[in-house]
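Letters A, B, C, D and E name the chains as they come in the text, with residue numbers starting at 1 for each one.
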Amino acid sequence: MFLGRVMGNATSTVKHPSMEGWKLLLVMALQADGKTIEGDPILVVDSLGAGKGQTVMITSDGIGARELLGNKNSPVRWSVLGIRDP
Amino acid sequence: MFLGRVMGNATSTVKHPSMEGWKLLLVMALQADGKTIEGDPILVVDSLGAGKGQTVMITSDGIGARELLGNKNSPVRWSVLGIRDP
Amino acid sequence: MFLGRVMGNATSTVKHPSMEGWKLLLVMALQADGKTIEGDPILVVDSLGAGKGQTVMITSDGIGARELLGNKNSPVRWSVLGIRDP
Amino acid sequence: MFLGRVMGNATSTVKHPSMEGWKLLLVMALQADGKTIEGDPILVVDSLGAGKGQTVMITSDGIGARELLGNKNSPVRWSVLGIRDP
Amino acid sequence: MFLGRVMGNATSTVKHPSMEGWKLLLVMALQADGKTIEGDPILVVDSLGAGKGQTVMITSDGIGARELLGNKNSPVRWSVLGIRDP
């Protein structure tokens, strides 16, 4: 679980059925200063309505992600856990 | 889950039985610019028909991969989640 | 599982219901000298009362974290395992 | 899952009982050129007979590894998924 | 799973109840030469009696660790799999 900045999203027409109706956010990890981004972008499902530029808490837990999507066989793992208060 | 570029595939005659009939794609992670690749290639199972040069969303979730292969004991973890729209 | 230094915490009003009433610590990994911090901050749930500046042992195990929160579908993974003796 | 080169193996007399009769291969990750090795060596169980110098596909999936060893409580995670065709 | 050198241990009075009576080893990853250590120290539970300076095989598998501790809800993940023969 770490803090990240929402950079935008990625869309795909050809995808796993469990992702139907879900958008994937592109999130970059934030360093200790809370401002600098680094590394490769992570793809994250979001049910909290996070928007571009917001700071989010993200997690790699598959059980939570499958519960979120309502699909026990979904291969999705990363999801937004919370939106950090400004 | 992250974005990657399909570089080709890897074939093996001697392999785990759950991989019979499946090809493994070689995928490189994409940086934030969506163009630069980096790191080591990841091996990924694909049921969506992704081709060389395409940008794919990949995931490391074992439960989803075993469902895809229809084999509860498969050691496969990485799979293609979607093909990014051009 | 590794040693980290508690740098502070992160609050969010909009979050997964399993996190209601829990604070998330911001923890930085400690190098072998036990003093130098490095990498990106990790978000960790804590039931042991760890405070800013303390050295903690943290773990990424989702099963333990869900037990801690009393929520089988929580996407939380990282938790404090112990506070290192001074 | 990634490609690696078999560098040799590691033996231990004092070990977890589930590893009795199994050898652990030392495998180094291969970069995109399929030749350069890098990073730290990974320890991998093998039932396919991979030999020193061969290129293998390896995976970190614990469920598959426990099935391979026939031991539901084994802490082994990494195994050889296939031997890459020359 | 990889090879590491035991550097010492970490003690904590305030900790998860599943860790009562267990010591946590501090282990550094070994590079391909089997001598050079690198990265951050990992915390590992040990039932095999590994001592300072020994080379151990360690694993991140939570199921094996929970079996070792006899606690189904323990958040412990890393354990010693074997002590490498000298």
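The working rule: a contact is a pair of C-beta atoms (placed from the backbone, for glycine too) under 8 Å apart; a residue touches a chain by one contact, two chains touch by 3 or more.
Worth saying up front: this structure is predicted, and the values here are computed from it rather than measured.
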| item | value |
| --- | --- |
| Interchain contact steps from chain B to chain C (minimum; 1 if touching) | 2 |
| Rotational angle, Cα trace of chain A fitted to chain E, multiple of 5° | 145 |
| Chain B-chain E separation of Cα centroids, rounded to whole Å | 32 |
| Chain centre separation (chain B, chain D; CA means) in Å | 19 |
| Shared interface positions of chain C, touching two or more other chains | none |
| Arrangement of touching chains [line / ring / star / complete / other] | ring |
| Sequence of touching chains round the ring, chain B onward through chain D | B, D, E, C, A |
| Of chain D, residues touching chain B in the complex | 1-3, 29-32, 38-39, 48-49, 57, 59-61, 63-65, 67-68, 79, 81-85 |
| Touching residues on chain C, where the partner in the complex is chain A | 7, 10-16, 19, 24, 26, 28, 37, 40-44, 62, 66, 72-78 |
